[in-house]
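Each in structure tokens, the structures are laid out below.
Across the two complexes that follow, chain A remains constant while its partner is chain B and subsequently chain C.
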Partner chain A sequence: MSESDADGRPSVVARLVAPFVDRSVAERLVISVAAILLSIVIGFAIVLVSGRIAECTTAAWTMPLTGLGFCYDPVEVYVVLFNGALGYPFAVGDPGLLNPEWTPFNLSFGLTLSETTLLIFTGLSVAVAFRAGLFNIGTQGQLVVGALATALSVLAVAPLLPAGRIAGVVLVVIGAAAGAVAGGFWGAIPGALKAYADANEVITTIMLNFVAANVAYVLVLEVFRAEGSSVVATRYVPEYAQFLPWLFPQSSDFALIALLVGVVFIGALYYFVEHTSLGYDLRTSGVQAAAAEYGGVNAKQTTVRAMTLSGALGGLGGSVWVLMSEGRWMASVPDLGFDGITVSILAGNNPIGVLPAAFLFGVLKGGALEIGFRTDVPTELVAVLRGLIILFVAMPEFFRMIGRYTGVGGPPGGVPGTTEPDETAGGDRGETDA
Partner chain B sequence: MRNPLAAASIPILDDLIESDYVRSLVVGTAGLLALLGAFGLAFPGSVAGDLAGIVFSTSTATSTARLAAPIVLAGLGGIFAEKSGVINIGLEGLLIISAFVSVYAASVVGIGNAVLGVPALAVGFLAGIAASTLLSALFAVVCIEFKADQIIAGLAVWLIALGLAPFMSTVFFGGVNTPNLGANVGWRYSTAMVIVATVGSWWLLNQTGFGKHLRAAGENPKALDTVGVSVSKVRYAGVLLSGVLSGVGGSALALSIGQFVGSGETMVQGKGFIAIVAYLFGNYNPLGTLGAGVLFAGLDATQIRLQQLGYAIPDTLVQTIPYVMVIVVLALVGRTQIPEAAGEHYETEE
Partner chain C sequence: MNPAVHLDGITKRFPGVVANDDVDLAVERGSVHALLGENGAGKTTLMNVLYGLYRPTDGTVRLDGEPQSFDSPRDAIDAGVGMIHQHFMLVDPMTVWENVVLGNEPTTWGGLRVDREAAREAVVELSERYGFDVDPDATIADISVGEQQRVEILKALYRGADVLIMDEPTAVLTPQEVEELYGVFEELTDQGKTIIFISHKLGEALSAADEISVLRDGVNVGTVATSDVTREELAKMMVGREVLMDPATTPQEAGDRVLEVTDLSVDDDRGVEAVSDLSFELRAGEIMGVAGVDGNGQLQLVEAITGLRRPSSGDVRYRGEPMAGKTRRDRIDRGMAFIPEDRQERGLVMSYDLTENAILGSQHDPPFAERGRIDWRASRDHAESVIEQYDVRPPDADAEAESLSGGNQQKFIVGREFERDPDLVVATHPTRGVDIGSTEFLHDRLLDLRSQGKAVLLVSSKLDEVQGLSDRLAVMHEGEFTGVVDPATVTEEEIGLLMAGESLDDDSVEGAALHEAASEEVGGEETASEGAATEEVEGEKAGEGIDDTTAGDEGVDA
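Now for the complex of A and B:
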């Protein structure tokens, strides 16, 4: 019985991962874009319906032909979402198309890029684990732990160094290292449990998210709380140890240098996964664990390594959150880890794809703030969109079906991938049954 | 055998409980409670005395019953889905959506009013079940018809509900938390529902033809197909049942307080995930799931009572215990007997 179990698990995982690894890049791109568009359409319907139900004194939007009044204007929501996230480059309603006063270095765009930077790290974290056939839902917890380690280590070391730019660089490096180590440790726990006790990582990482949030909260509440602070938070790290905004407004919490570091990590990780022997081990055990084992890969070690690396990236995301966004650790850490799952899935778990996916989610998050400022629509709409996008990306067959019925994607057999599902399906089957 | 407790024999239950894990759970829990009771009687003034007082008090029992309902019911639902071959990790989402919709429907009807003779709270219950079933139907279509990855689709169900419930609450009530209804469902109803559902699930799984088909769909879909039973239909039934049972659980959770709390992780707070662990721990046996669910809920209830007695343990830390326990349990139990074909799509051969 245990024999077949041991074989059963990896084949489940292989089937989970296969569609994300095998499918051609072009088809993945088409499906991701289609998933986003479909989510936007359904979001439109949700706004419309809830706008009919909600109570308000004057209608924000009246439906043409029917004359029905709605409390929320679904068109305006999306205009505000996308235009606002970029700082209103388009002059909607004015004679000119572009807003002449717009510069890229505005507050809203800074906030969007700030979210993008953080999501690059969490997205990479989930993607690396995914490539190894592991579903790391625990990036959130790894980020919380990494962020706390960063804040505490910087606060502890700061008094020992003379204030100044050099000390700032040293502190940032120490903080980032502490974040990566703590996050890596937190990620290694489910990795080891998976490798040596066969505990399902999906469940253990979800549980560790709750544990991380609770333990960090209590630690700060009882021990490290800043004196006189009304919220549960540590002291601020020194100004010179934070990433400073350059070109962008101070309040945007965005530092170009952090984004550049994120992009460098994308490149490094792409190289690691695609062009190193360790990366090869990782990929093969993700696609076909039994074959990898047969080829001499130590699957248990690879599992622990992949989860440690994944956790370290999540922890690093926490470091950036502390050193760039907040300047301290504080309770109610945003959902960056969960958004990282969406980013990674949208990117087809490809490190390069993480960049546009993170930017898209940066726009959604930045735009959510604008929705809150400028419309009455609850900002939770963006959380709904996040769930819908994941759902649609998970069902490529649906889009293939639509493609087949409507003939989108050229004549039958014209464009590979979108109109020839048999080819990919056959590939999947050959992969898992081998 | 790693576990000495598993070897112990329980006279009456031996026929019902085939699983070692369930047996060790039952024996371990009973032993622990007996030990605690003995210490409590011997040293009434000590921590053990207080703890024994809490564990054996009626208020702890009632709040355990209240907290166990969503865990056990969602766990039972999870068994049906996974036995049929669809891993439903979206139980948490089903609990969240039914919790909100039940409170919303009850408040629309208005406490004290009735629709066609059905009182408001019962309408809330039915609406919560309907919402959860609808969401599980969506999940089923996505997984069975469109061959979606079950884990990711389940995650999507959770995240959609996590966004949608507070969204709707803000639309209808102007905030992520609904106002309190001012009426609630007593713990006796929750307990009755849990017991009926557990026994019913056990009967359905082990004593009926449907249960046989369900298990075959998860273990050996090809064999089921060969004898002329549609694998898809059986899997739809399994997933929809998980929706119905989770709907009862989510509604019971919210209506037992009379309010939906939508901030943070919402009032469900990971109970859907604990439900998954409960049925894994119970090794897909409804009775084992009941035991594990009551154990997890009991821990939570004890923790709440400890707070009220003024023990200076930060409540957040005590709330962490069930999560840590889940990890420890999973590390010890580890490999569960997951149905052979769970997580895999089945293609009918014509």
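Now for the complex of A and C:
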């Protein structure tokens, strides 16, 4: 072994910060901001046009000079979308930058963070499968199964324990474990089918979503339905077995502790992927399966492992949904698993990126609710605006292209307009080889 | 008279790198010019400038004295420059003539219909004029690599090329096909065509070219006439120092059996048998070479040995232990090192940096991993030590594998595998794409491993390499060993015949050795090992003489 170079090693602080200031991460942030701005510009036009088409008694906004009236005010829409999602921290229109009465612990921000928390789990679920080169569309099904397992296990164990805080902690742990195991099992099925029967995981996970949703529905309908309930749902788990709202209003369905657990999972998964042997196996299989095989990675085992882990995270998302949001399992499970796919892609399948991506989704969700409360803008139009934002954020390559073309960011690629192919900088002097 | 091609002060910069620095190159009409240099010397970049793929940062390209400004290869083709790439750009299921006219088909009905008759006629006429023996109606998939290369040349000629650039034209050919290619060169230059070919092989440049220009670090260090330069002088120009032309092997007793392969059959991905009933054994302190044209089962053989492919029948034993059912992981743990043929698919994870690549295969083992946690500090140290010892450039453990040139990628893989402290090294084309200086070093390392008592299975298409390093040399053809010969006494022609699947004449000494080897395969293990041992001693006696008989060896590359 060569003598080690003590100075050449980054300090502990530098190593901790490195994943956040990594050039590609910084670039991604810049791109995301640019994408949101561009989507707002286009969204403005859409809001104006639909504001012309819609009929209303008084114009929300009148165009200067022309005197044309519009039913929806685009500025208001976006202000409410972003400001409202946070509970109006910014004093728009009033003097001063910040709203003096604002506290972070408001209902709107709680709703935003609630959505963020749930999407952290589903986003991580999809991301870990992606890193192993597997396209897990089945997070939704894994979440449904995990949620049901959580609700049923907590309901089953609760009568055995004396009601109280300690029983609450025990029940939450049992519920989460049951959710993770059930979700993990549901993920392991397509993993095993892929590894040992060569079944495409995209197909099997989609199919298992239907199986999960319908089996769970029938089970609850026929066996576990709460007496006298008008909807297909289980009984509520005891109050003390749910996450405490703590600081945030009860109606926001948000528990800070759940968000913290989510953040811990982000860190843990990052560590797993980047700093463990199994994580190395997993991501090497994802980027270059032939090299992983050469490096002694058992492809079949890795596939099953990754899908099990992915399913367990989806199942945990289901646990959080039951124990934080609903308090019971009910048939109308929101599309958290599907949104998790978009969250993961926005995050570049990087666990750390899942946090901002899930938060963006949370903001869009919370903001959309606010727009519904505060303005006449139809929810369908808000959905279009949300879609636009996600669409633009999800195509970073488009913005890289713009960046290259205008010379913003990155080295200028020689004389513009030449047919020079993109060269990788470094030692390769255009030498080809066998 | 103006030279056909005149590159006048060409400089080409890439971000951070000067690939060509003020290169002057003049090539006379009707001559063959070799562009010689190590990997990364800037040969291909220079030719890409001439072919219009790159715009030079500085300098002028002149054809027949006329300054040219190429925006794309299309402009270069229009000006009469054609390029034949190392990897052929042919459509396998289409016929020869279809491939030749592809993209420039003669048409009738106002451009709506391809005039097949005229097209075929033009191709036939062209191949007759240059004496090419190619069936215009044959499908590309059915013809040999040498013929495919001629189709590529026809393609360039059909597009009106006067200057032909060829990138490493002999890399994929058998010795016989190389000879035929030289014949084609003559035919072309007789008719006034100009040929520039890129090579990093001295022998090839010396036997085929009229003039040789040597590039080193992007600079033209000299243009010499083939008639007044020696191999040694050329090698010195390329590397910038004296080079030992041949590895010095010393006689050595073989030790214990490390690898025993018995009646091994292996299928390829399509389920076709690629290795048929192969048996051999390999002892500690022995290098066994496997020569042969690529695609004759070498890949499947090494994959079956190293645990990447399941044999369809037969047995592999490693240090006496049957390997059936043992995973790739098990075999790595037992000390098998493997330099794979496809370094960019298998040997390296292209998007990982060298630190991450340094532990590929050892990601579960100390000192790189403890209790499931990877010690990135240890792997960085390891990466840096490999980089330093094996002269990997750029010397940066944070560089991504894909940013390295092929030769440097190769050096890194070889270094990583050699430093694994293996008992068995399975090396497939270990020096492919690696420059002379580093090749010399890697050869020395292989011989070090041998003297340390390691067993080495060396698969290479470079004849001089397998001949110079091996204790025994097996020639593989269509999944079988057509002969196991003594590398010291066998001639190049004989190896060529074996590579083509023909057996040797029994009267010759080598033929006797071959005969013996062949009967061994039938006879069983004990006789096989004895035969091998005696053969080897003879080989070593004669091995001393190999240094004197170098000329021409290196030019041959299957």
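We adopt the following convention: the second predicted complex is superposed on the first by the 340 of 434 C-alpha atoms of A that agree within 3 Å, B and C clash if a C-alpha of one lies under 4 Å from a C-alpha of the other, contacts with A are read in each partner's own complex, and residues count from 1 in each chain.
One rule holds in what follows: contacts are C-beta pairs under 8 Å (C-beta built on N, C-alpha and C of every residue); 3 or more make two chains touch, one makes a residue touch a chain.
In this text, all values refer to a predicted model and were calculated from it rather than measured experimentally.
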{"item": "First (chain B), second (chain C), both or neither touched by A:T276", "value": "second"}
{"item": "Touched partner set for A:N214, first chain B, second chain C, both or neither", "value": "first"}
{"item": "Partner chain in contact with A:V287 - chain B first, chain C second, else both or neither", "value": "second"}
{"item": "Which superposed partner A:F338 touches (first chain B, second chain C, both, neither)", "value": "first"}
{"item": "Chain B versus chain C as contact partner of A:G228, first or second or both or neither", "value": "neither"}
{"item": "Chain B versus chain C as contact partner of A:A197, first or second or both or neither", "value": "first"}
{"item": "Which superposed partner A:P162 touches (first chain B, second chain C, both, neither)", "value": "neither"}
{"item": "Chain B or chain C, by number of chain A residues touched", "value": "B"}
{"item": "Overlapping contact positions on chain A, where the chain C interface meets the chain B interface", "value": "1-2, 4-5, 9"}
{"item": "Chain A - residues contacting chain C, complex", "value": "1-2, 4-5, 9, 275-281, 284, 287-288, 290-298, 411, 414-415, 418-421, 423-434"}
{"item": "Residues on chain C engaged by chain A in the complex (per definition of touch)", "value": "12, 14-17, 19, 39-45, 48, 53-55, 71-72, 85-86, 167-168, 171, 218, 308, 327-329, 332-333, 338, 340, 342, 345-352, 356, 359-361, 363-364, 369, 372-374, 376-377, 381-382, 384-385, 388, 393-394, 399, 402-408, 429, 432-433"}
{"item": "Residue numbers on chain A that touch chain B, as the complex places them", "value": "1-2, 4-6, 8-9, 11-12, 15-16, 19, 46, 50, 53-54, 135, 137, 193, 197-200, 202-204, 206-208, 210-211, 214-215, 217-218, 221-222, 332, 338, 341-342, 345, 378, 380-388, 390-391, 393-395, 397-398, 401"}
{"item": "Interface residues, chain B side, partner chain A - complex", "value": "89, 142, 146-153, 155-164, 166-168, 170-172, 176, 264, 270, 273, 276-277, 280, 314, 316-317, 319-320, 323-324, 326-327, 330-332, 334-335, 337-338, 340, 342-345"}
